[in-house]
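What follows is a pair of complexes built around subunit A, which joins subunit B in one and subunit C in the other.
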Partner chain A sequence: MSFTIATTLDEALQALATGARPVAGGSDLVVGARHGKAPLPEHLVAIDRITELQCIEVTDAGVCIGAGVNHHIIEHHPLLSNAFAGLSDGSALVGSPSTRNVGTLGGNVMNSSPAMDTGSPLMVLGAEAELRSLRGSRRVGMAELWTGPGRHSAEADELCVAIHIATPAPRSNSAYLRLEYRRSMEIAVVGAAAAVTIADDGSVSAVRVALTAVAPTIIEVTGIGLGSVAEVAAAAAAAASEQARPISDVRASDKYRRHTVGVMARRAVEAAARRALGEPVSVPVNRAIGIGAAS
Partner chain B sequence: MSTTSVPRFVRADGPDKVTGSGRYTADLTLTGTLVAKFKYAEVSHARIARLDVSAARAIPGVFAVLTQDDVPDVRFGPFVQDRTLFARDVVRFEGEIVAAVAAIDVPTAQRALNAIVVEYAPLPVVNDIEAALAADAPLVHEGWSQYGAADVLVRERNDASFASIAKGDVERGMAEADTVVHSRYVADGCHAAPIEPRAVVAQWEGNKVTIWTTTQVPFDARAGVCETLEMPASRVRIIVPHLGGGFGGKCGFHYEAHVAALAKATKRPVRLVFSRREEFIAPDRRREGIVFDFETGVKADGTIVARKVWLAIDNGAYTADAGFFSQLAAMHALGPYQVPNALAEAHLVYTNHQPSGSVRAPTAPQTCWALESHTDEVAKAIGMDPVAFRIKNAVATGKEGPSGQVYDEIGLVDCIEAATARAGYGDDLPDDEAIGVAIGWWPSFSAASGAYVKIDGDGSGQIITGAQECGTGAVMTLRQLVADELGMQPEDFELVYQDTSAAPYDMGATGSQTLFNNGRAAIAAAGQIAEQLKQLAADMLEASPADIVLADGAASVAGTPSRSVPITELAGIAAGGELLIGHGSGVPPAAQEVSGATCIGDVGMTAWVAPQFSCHAVRVKLDRDTGVARVLHVSTAHDSGTIINRIGATGQVEGGVMMGIGQALTEGTRYNDEGQQRNAALLEYKLQTCADAPPIDIHFVEINTPNAGPRGAKGLAEAPNVATAAAIANAIAKIAGTPIRQLPMTAERVWETMNTEGSPA
Partner chain C sequence: MSDIVNYHLTVNGMDYPVNAAQGRNLLSVIRAEVGLTGTKEGCDDCECGACMVLLDGQPVNSCSFLAVQAQGRAITTVEGLQQGDEMHPLQRNILEEGGVQCGFCTPGMLLSATALLERNPSPTEEDVRIGLSGNLCRCTGYAKIVAAVQRTAAELHP
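Moving on, here comes the complex of A and B:
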């Protein structure tokens, strides 16, 4: 058993090349090991002190979020919570305040849980993960990255160093909602994100919807027709319920999940559209409107 | 009436707990301590065909592996002696202990568990409460009729305790009714879920054993060790370090004897620390599931004329302390109402589930939920406002309750009026919101209890009490009572508690009884010292002892404050002569005789000493699309007599309400077809969190209660947990248009109910 603290990206990539596994906040890795889900890897390399992984870089083209940026920062970052609000919605719902202070975006992405709260926002925002190894660097879209529950297409020596998201078109925004039975320490029963662009006539000119916890991975909904916000929201709900492949377990039945993911999809489209029109809907949507709202 | 005598209340155990300097049982390390681990049945019902621990014993680092063959063959249980320390021949639930290991470290102990060979011959799993009552149902205990049991219990096959309460003529009452409403409800079991999992450390010196343990009831734990290991009480010492919550789940006798037996066998100290999963599946204390059938006959003017209830409680595999649950549930099912013709029949049914036992107000929250949901159905059936219906029929001062008890001064109607007014009941609300109202009751438990008080030569005092602090603050409040008695400050007293060899008996942190009984004892002990101080002061000040007043840390002559002597000075004098030592117990208040009803299986639960009453009015918002209910505001009113420690009392109500919200919406044990728990983890068994807490309005109806505890106090710790879930249910039913018939009322169940064909929603 070894534990290496990397202070540069190169040190981390060296360690990965020799078989070590990365740990940042440890909120999945350590908790999973304690619960017997998977033993701690024999060799660990800590990547939480690598400054390159902590940056948030904004350009005209888009934003680059370092893999080590934690959920608390994403929730409160002025640009992210405005222009990429759906992602901030997701980060704001992760675990508890202490989880959000240690849990990182890169960790959430590479843990590849179908119930991850940042997953469907990243998918509708067209995000790409930057994977780096001693062999080089590549970018992978979310649909290509996630291959199954807890599984992804990155090689063992590749480290997710950043998430890249292109700047959305004007009059666009996103939102993420989840069905939750309590307001903290919760895992999405189902969830849905939407990214919406509003045309000058007020109709929806582009829409993407992705679903959480209703399939082995985060999935994107296809074939949603355009039209008014209400029409698109209804179409998204119907398509989400139709395309979901949920399981029955102790949290919910497949029937209930199939129904409620449609409700989440409809509300995500509605909230994203309101934001795209400049209406303030605070982060997270789960606390801004509806049943989970503060009052 | 004076309520709080100090504006600020600092718990004596607060700084230790908040700063982390306090020590809990799992923190204790003694030289050479071994690790204890249990081998559990894992299966719900089977005959042990083969049990071989020889390979486990042979592993280096394993110091002992014990089975039932290695301990006295004693069947124990407070009501039915149906249990042994380890499984003997048959396992009856998944958390039953088959063997125990003591080893040098955790991995070695785990290897030893893996090396234990157990082969099972499956027996039919009794997984359904009602089916278990069938005449041809498989028996959980083939030898039930041979077991020792309390004489009052009425037992038959899987029915471990049948109780009935009959008053008037229920059939004639129903015939006289204008409307009869029939309802069925099912409550799932749930858990106490204290944040500190159980831990036990045992160490022998000669033929005496000291056991540090996470019990709420140290003397009960000691009695269990004495019974199962066949030892006199004088050789067993139970010490409880800080306790990290109990909620009733840590009442009773649990694993103290197992660990003591391991420590004896290994001649080493042994420590057991539970995992969260063990905490869920193993203890014989979880809130019992209950099936209810109600029938209430009512006149058109809203007068209840008859009520008939049948209920069956999931006892689980062993009876633990649930023997009195049948009659207690029967009382709660009839409710705090004037019911002239009543019949309640209650069964306590063996199943192959984890055993049930006292969790905060056992049987009450779920029975209140069912009865109060039914009550709203009755009011709706006759077109009467449910609050007006309750006020019309509720028990009140001088009125007779369903068991024939005629109540002294009580404040139930005051509670209903206060809680509903403070909630804004009747105001306009959005169409996805409603206020639900429910009333509840709970006894105060009168019991023997003792305490010592001493004041040392420097004037500092100690209260040495048998009482147990499980977080409620009841023991902490003793400082206030004693200080008031002696004209001193609470901070002048240290507490020595939770040690059976240091202090006299107390029943423990159970039945909301600590302040009710131990407060009486501590006041009596302080009273003896007060007499001593007055005599000393009288001698010094040349006055009569009767004229001496103890206040502000001094003894002075009444009316002449200048003739005064500090108590510290008197303590110095006493230190060279007759020491300042007081001991107290006092006479427990007696229960009223009840003659109005006929009771079978009577365990004394029909006449309540200083009964407590409550009304909760809860505003709920319901997401009709998903069935998710959210509690927006809780208004509570409690008649718990005089409130002595207002901060502590407020904390009890807040905690009880939060527990009630969890029971209402998210907390419930799910079983698979084999009787095993599917959600024995905090991720899947969803407690409420701070983020879920609504504003909670707290109001105490303080009336002069005869025959109560110190200064007119009743109990309080359990009562706030009784009515919350019921009030939430009635709010949801208003919005959904129909009651939710299963507890917890999970989002999916609410949604299913609203979308079932024929539903009015």
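Moving on, here comes the complex of A and C:
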């Protein structure tokens, strides 16, 4: 048994190289251990006091978000909530105010739940995870990173240190919505994110859609044709329902999930398009346009 | 046992030496080792917010946070809200508004509300409901709790 609090990235990587597991907020790790999902690791290294993991770096090329940045910050960050609004939509829905305060982007990504709220936004934004170990550093796209429920392709000594997202094209934006039964401490019944680029004539010139909680991992929808916003939204809905591979569980039947994920995909495309056209749609979209919105 | 670790926690400004198993959560250490029982165990699953404490002023579900990870940080429990002999304005207002029935959720509500008002001194009703959304109450129907928080905000920032 050992527990160390790392204050530098090097200390954390050294600990991982000798078999320790990282803990940031602990909201997945500690709850999971209590549920018998996985016992608490024997050797733990706390990574929540490493300054290098807390940075948000913006350049012309894109943004680098440290893995230790929490969801509260992503929800309220002026640049992220404008230019990468779909990601802020996702972070704004995680858990409760306290969960968003301790829960980190890196933790959400590496927990690799198919129901994670930042997953489909990161997928449609083309994000890459930067994995670092004493052996070196590499970047992995989301589709390559997530391999199954709670499973990912990172090695045990690799720490996710940052998420990189390229600057979207002009007149582009994103949105994420989820179906929820409760406004807080909820896990997505289903969810969908869209990233949309609008051409000069008002039509959609590029679209990406990804789905939450309808397959063993977050999945990207393929084969959505281009056209007007309404046409693309309808095509995304049909493709989402067709390509979803949902299960039935305590929260919803597979049939209900298959239908509602199409509704979420349509609304995500519509909200992303409105944002891309410069219309303010506040974060999170769930509260702005209906699902769980204030009356 | 080999997994017992020794460390110190700072709770409500006081230093407490702790000897506890490495995997113990902050909630159980605050209640059983530190001896402050105002922090409640409700669901023990990060759902209900009865265990809410502040860590460096930010709300944290203490049932799902490792106690050993809280060393070196300022922990505030409901016992730390009182100012001398005076109740905290939130405590007084939640009583006067009738926002306490069985009282089990009250410590967690008070701490979430404290953090909310620190971040947002003049919250709307919607802001209060979002700020308290991680705290469940099975008695009051929330309206009186929300009113107490808004009344406190109005008193502190007229």
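Just so it is clear, the second predicted complex is superposed on the first by the 294 of 295 C-alpha atoms of A that agree within 3 Å, B and C clash if a C-alpha of one lies under 4 Å from a C-alpha of the other, contacts with A are read in each partner's own complex, and residues count from 1 in each chain.
Definition applied: a contact is a pair of C-beta atoms (placed from the backbone, for glycine too) under 8 Å apart; a residue touches a chain by one contact, two chains touch by 3 or more.
A quick note: this is a predicted structure, and the numbers were derived from the prediction, not measured.
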Contacts of A:251 with subunit B and subunit C, given as first, second, both or neither: first
Subunit B versus subunit C as contact partner of A:259, first or second or both or neither: first
Partner chain(s) touched by A:135 [first = subunit B, second = subunit C, both, neither]: neither
Which of subunit B and subunit C A:183 touches, first, second, both or neither: both
Partner chain(s) touched by A:30 [first = subunit B, second = subunit C, both, neither]: second
First, second, both or neither for A:101, with subunit B first and subunit C second: second
Doubly contacted residues of subunit A, that is, touched by subunit B and again by subunit C: 35, 96, 183-185
In the complex with subunit C, residue positions of subunit A that touch it: 1-3, 5, 23, 25-27, 30-31, 33-35, 40, 44, 46, 48, 95-99, 101-102, 183-185, 294
Residue ranges of subunit C touching subunit A (in the complex, touch as defined): 2-3, 5, 22-23, 25, 44-47, 49, 52, 55, 58-61, 64-66, 68-69, 71-72, 112, 115-116, 126, 130-131, 133-135
Of all residues in subunit B, those that touch subunit A in their complex: 621-623, 625-626, 628-630, 632, 665-666, 670, 678-679, 681-684, 686-692, 746-748, 751-752
Interfacial residue positions of subunit A with respect to subunit B in the complex: 35, 96, 179-187, 250-253, 256, 259-260, 263, 290-292, 295
